[in-house]
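Next up, some structures in structure tokens.
In what comes next, chain A is part of two complexes: it sits with chain B in the first one and with chain C in the second one.
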Partner chain A sequence: MKELFPAKQVGGFVFSLILTGVALLVYYFNMSRAVGLTILTLTAFIQAAVQLVVFMHAREIEDSKSVFTTIYYAIIIALVTIFGTLLCMIWGWNY
Partner chain B sequence: MKVDHSQPLEYSTEQNRLNILGFWIFLGAEIMLFGTLFTCYFTLVNRTSDGPIGAEIFEITPVLMETFLLLTSSFVIGLGIHAMRLGNKKAMQAFFILTLLLGIGFLAFEITEFITYYEEGATLQTSAFTSILFTTLGTHGAHVSLGLFWGLFIILQVRKRGITPVTANKSFIFSLYWHFLDVVWIFIFTFIYMKGLTQL
Partner chain C sequence: MGYFSRFAVPHPSPAIYASMIAIAVTVFLIIAGITYFKKWIYLWDGWITTVDHKKIGIMYLISALLMLFRGGVDALMMRAQLAVPDNKLLDSQHYNEVFSTHGVIMVLFMAMPYIMGLMNFVVPLQIGARDVAFPRLNAVSFWLFFMGAMLFNLSFVIGGSPDAGWSSYFPLAGNEFSPHVGTNYYMISIQIAGIGTLMTGINFLTTILKMRAPGMTLMRMPMFTWASLTTCIIIIFAFPVLTIALLMGTMDRLFATKFFTITDGGMDMLWANLFWVWGHPEVYILILPAFGLFSEIIPTFSRRNIYGYTSMVASMVLISFYSFLVWTHHFFTMGQTAYVNSIFSITTMIIAIPTGIKIFNWLFTMWRGRIRFTVPMLYCLAFIPLFTIGGVTGVMLAMSAADYQYHNTMFLVAHFHNVIIPGVVFAVLGASTYYWPKMFGFVLNEKIGKLAFWFLVIGFCLAFFPMYITGLDGQARRMYTYSEDTGFGPWNMVATIGAVCMAISFVLIVYMIYYSIRNAKKEAVSDPWDARNLEWATHTPVPEYNFAIIPQVNSREAFWDAKYKGHPLFKGDYEKIHMPNNSGVPFLMSLFFFALGFGLVFSMWYLAICGLIGVFICMAHRSFEQDHGRYISVEEIKETEAKYGGTHK
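The block that comes next holds the complex of A and B.
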């Protein structure tokens, strides 16, 4: 039975739960916008990384480099789209 | 078909390795799909018209339940893949079935949540904010719903054919999809619910 629950994955799950708990601190305690958003961003991205590496075995595949290139590329394009749009639609750009 | 026995079954043939890499590239496109939805969400989040703002309709309990159910299901399917690598078909099937049950639980909470929003007067047409909210959550929910059927077919195939290089490959690719849905949910949980509830 024990062999069915590898330490690495159980650890990854517990770590994800802890990160969710840390994100919840922002809900239960009053925080400034900067602190709150920093905690939320960090916990979200770390949790995403745990999923990719621990559960999706992104490092095990022999084309691991191509996998990470694809994922980083997609993330960069997504971030540029999000922040570029915020820049011109919300934050405003004064000439 | 050349089978490389030094690798787990799902990577054991050239075709299998290409299938997995191809699926990763598809996931890259999925990141961008949700990237555009988040772009619109962040742009429209304050355009609430006469409708409610996020903090008025979001409730922490169902959101936490959804998060917990999806996170656990992601963990359980990981155990399913581990059992598959051990060649334990029974345990693999059990874990996969449990994964789908947790997925159904997630959807049940999400549907209840949507009904509550509707009753509180937040519909797809209420404001730009509710439109993009339902579109983003709905796109994720639609992915989970699709995953339930996909997963069911995978379970039936493994049951019929056993753990072979082909079925192991399909199961692994399905697990990638399921983990990815949890990754998207993490961002929805963080940047829609937590950010909305705390009005940061």
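The block that comes next holds the complex of A and C.
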């Protein structure tokens, strides 16, 4: 019985529903912009990780190492781009 | 008439009317010609529906040459205008349209497809594969590029050309300052071609990672394959940024959003930022495959293996990462603090290091090699010193304090032509001569090729070195004229003469092709240059399945070792070969994209919606289609191989 029941997938599904619920709180409750954005950012990234690992089987294929290398590489480039942009356009902007 | 007035060119001139007639006549002649010679079915079955990477590659090359012609005519117009002070040949508006079109065409519709074409033709052969990973997607890529290019080229006869530069900075590119549809064409045609490029990136990354011949480990891959691999990585991470930036720009122009406006919370500088977040990696997307091509040609004609293989690979991998860290050097003067500029100055200078390593490796490869001065090798030999000058002026520009003097002057124009022409253009011209026999079965005429080469090199030096001087003296780029007492006149005349030399070189190249088709010996030459890699291990013309038996690789230069060290390449017997079927859907889909694009350019919503629905129908069709490809039987393979003289084992 235990082998037949996809505990991991069901658990992942429930968890992603909870994450969605938490994100919705930002809409229903009146909170400061900073708190709201923090909640949204966190839930979004956790959600993406859950999808990749649980539903897209990032860990279960033979060359999962290359999958994660690519993801980390993408994250690094994204962070460089975002923080570089903030640096040029906001923090280090004169005019 | 009200409805059709939108298609009118806002700023017409006799030249534009003449072009309209010329285009109409050409289109009519082409259609009449194809019908007269009964070539429609050949065209449809043989080319339009093909999913064969070799044919797609050749179609890319033909389109690229056409675009080189178009962009070249633009260049000649600009040079003619600037030849003498206070010239009245083009007015400022025309000049703006011409340089904007020239930039976009040369970068996105000439250099990119040229490189994609060579990648398409060479990479699968080089890794011993029978096709790319996703042949159908490959056809979609090509047709999206093609329709993007067609849409863009339509602009100057229907509705007017973009005029805000190839970088199309907002707020100039916004509705307020660019009210006519030209900039819509820019946003949407680049978008369509860009989606195609992104698909190519994914396709070739998968192909290279998954479809190499047995025994070809990563560190045994030929240099051009390595270059393509790193290029694909850059494409995959850089092009999405362009996609989004163009989408935001399109929304601003068509739906009055405020991403890049000055007022209402918009941020005009964000466009420049996003554009260069893509734009700098883009210049490396152009140059890395070019480096790869040089690394193929130089060892062949020096009869030596490439010097410093590992450091070559390492420097390309490093470049593919560093290229994302430097983009701000394109707008040092736009308002960041000195502190921010310094950071990006340093990252920019660092990127010159791996490039320098590669230069030394090529030099060491030639050192003690036995050099044969063929046309492709001449291009390599000219590339090394000229590109180095371009790199050095790049490092000059990278010093942010000094850049205040150089930025947006002709010095900058000289820099980037100095890296792109000796880098990219020499590479693709050299490589087309090099691979020509593999593509078409005969060698191009050496004499005319050399003449064209010398015209190009001398023309290049005459055309662009004077710009360094006038640039330092303060001649601004993108200015349609200058006055007599600036003293720029004589240098500009020299530059125009150089441009004419380059045009002569283009004519010579076309003549060389024509002459060679008529006169070259059409014997099947499978390895005319005594080359080193797998692409030369198969027959000429290459059979559609590339290799009757998949080669067995156990060294870095498998083919060379097979020839001279007796390593067996093809082991085992023929087996039936699985090949993908042709399909007309990619072409159809690109037509829908064209309709969608045209509808968006002119805000003709019904057309745009129909186009979009068509695109989705094509995708749905693909999802439900049952197409398992077809098999080539052993008998058929035997027949083909016998015709070409058998598989040399």
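Everything that follows uses one rule, which is that the second predicted complex is superposed on the first by the 84 of 95 C-alpha atoms of A that agree within 3 Å, B and C clash if a C-alpha of one lies under 4 Å from a C-alpha of the other, contacts with A are read in each partner's own complex, and residues count from 1 in each chain.
The definition used in the following text is that a contact is a pair of C-beta atoms (placed from the backbone, for glycine too) under 8 Å apart; a residue touches a chain by one contact, two chains touch by 3 or more.
In this text, all values refer to a predicted model and were calculated from it rather than measured experimentally.
Participant: In the superposed arrangement, which partner chain does A:Gly12 touch: chain B (first), chain C (second), both, or neither?
Facilitator: In the superposition, A:Gly12 touches chain B alone.
Participant: Given the superposition on chain A, which partner contacts more residues in chain A: chain B or chain C?
Facilitator: B
Participant: With both complexes overlaid on chain A, does A:Leu25 touch chain B (first), chain C (second), both or neither?
Facilitator: Neither: A:Leu25 stays clear of chain B and chain C.
Participant: Does chain B (first) or chain C (second) touch A:Leu40, or do both, or does neither?
Facilitator: first
Participant: A:Gly92 in the overlay: touching chain B, chain C, both, or neither? Say first, second, both or neither.
Facilitator: second
Participant: If I apply the document's touch criterion, which positions on chain A are contacted by chain B in one structure and by chain C in the other?
Facilitator: 66, 73-74, 77, 81, 85, 89
Participant: Flag every residue of chain A that touches chain C in the complex, lowest number first.
Facilitator: Listed in rising order, the residues are 66, 73-74, 77, 80-81, 84-85, 87-89, 91-95.
Participant: Quick check on the complex: what are the chain B residues that touch chain A?
Facilitator: It comes out as residues 11, 17, 20-21, 24-25, 27-29, 31-32, 34-36, 38-39, 42-43, 60, 64, 67-68, 71-72, 74-75, 77-79, 81-83, 86, 88, 91, 175-176, 179-180, 182-183, 186-187, 189-191, 194-195, 197-198, 200.
Participant: Of all residues in chain C, which touch chain A in the complex?
Facilitator: Counting only chain C, the residues touching chain A are 209, 237, 241, 267, 269-270, 273, 277, 324-325, 327-328, 335-337, 339-340, 343.
Participant: Going by the contact rule set out above, which residues of chain A touch chain B in the complex?
Facilitator: 3-6, 9, 12-13, 16-17, 20, 23-24, 26-27, 31, 33, 36-37, 40-41, 43-44, 47-48, 51-52, 54-58, 60-63, 66-67, 70-71, 73-75, 77-79, 81-82, 85-86, 89-90
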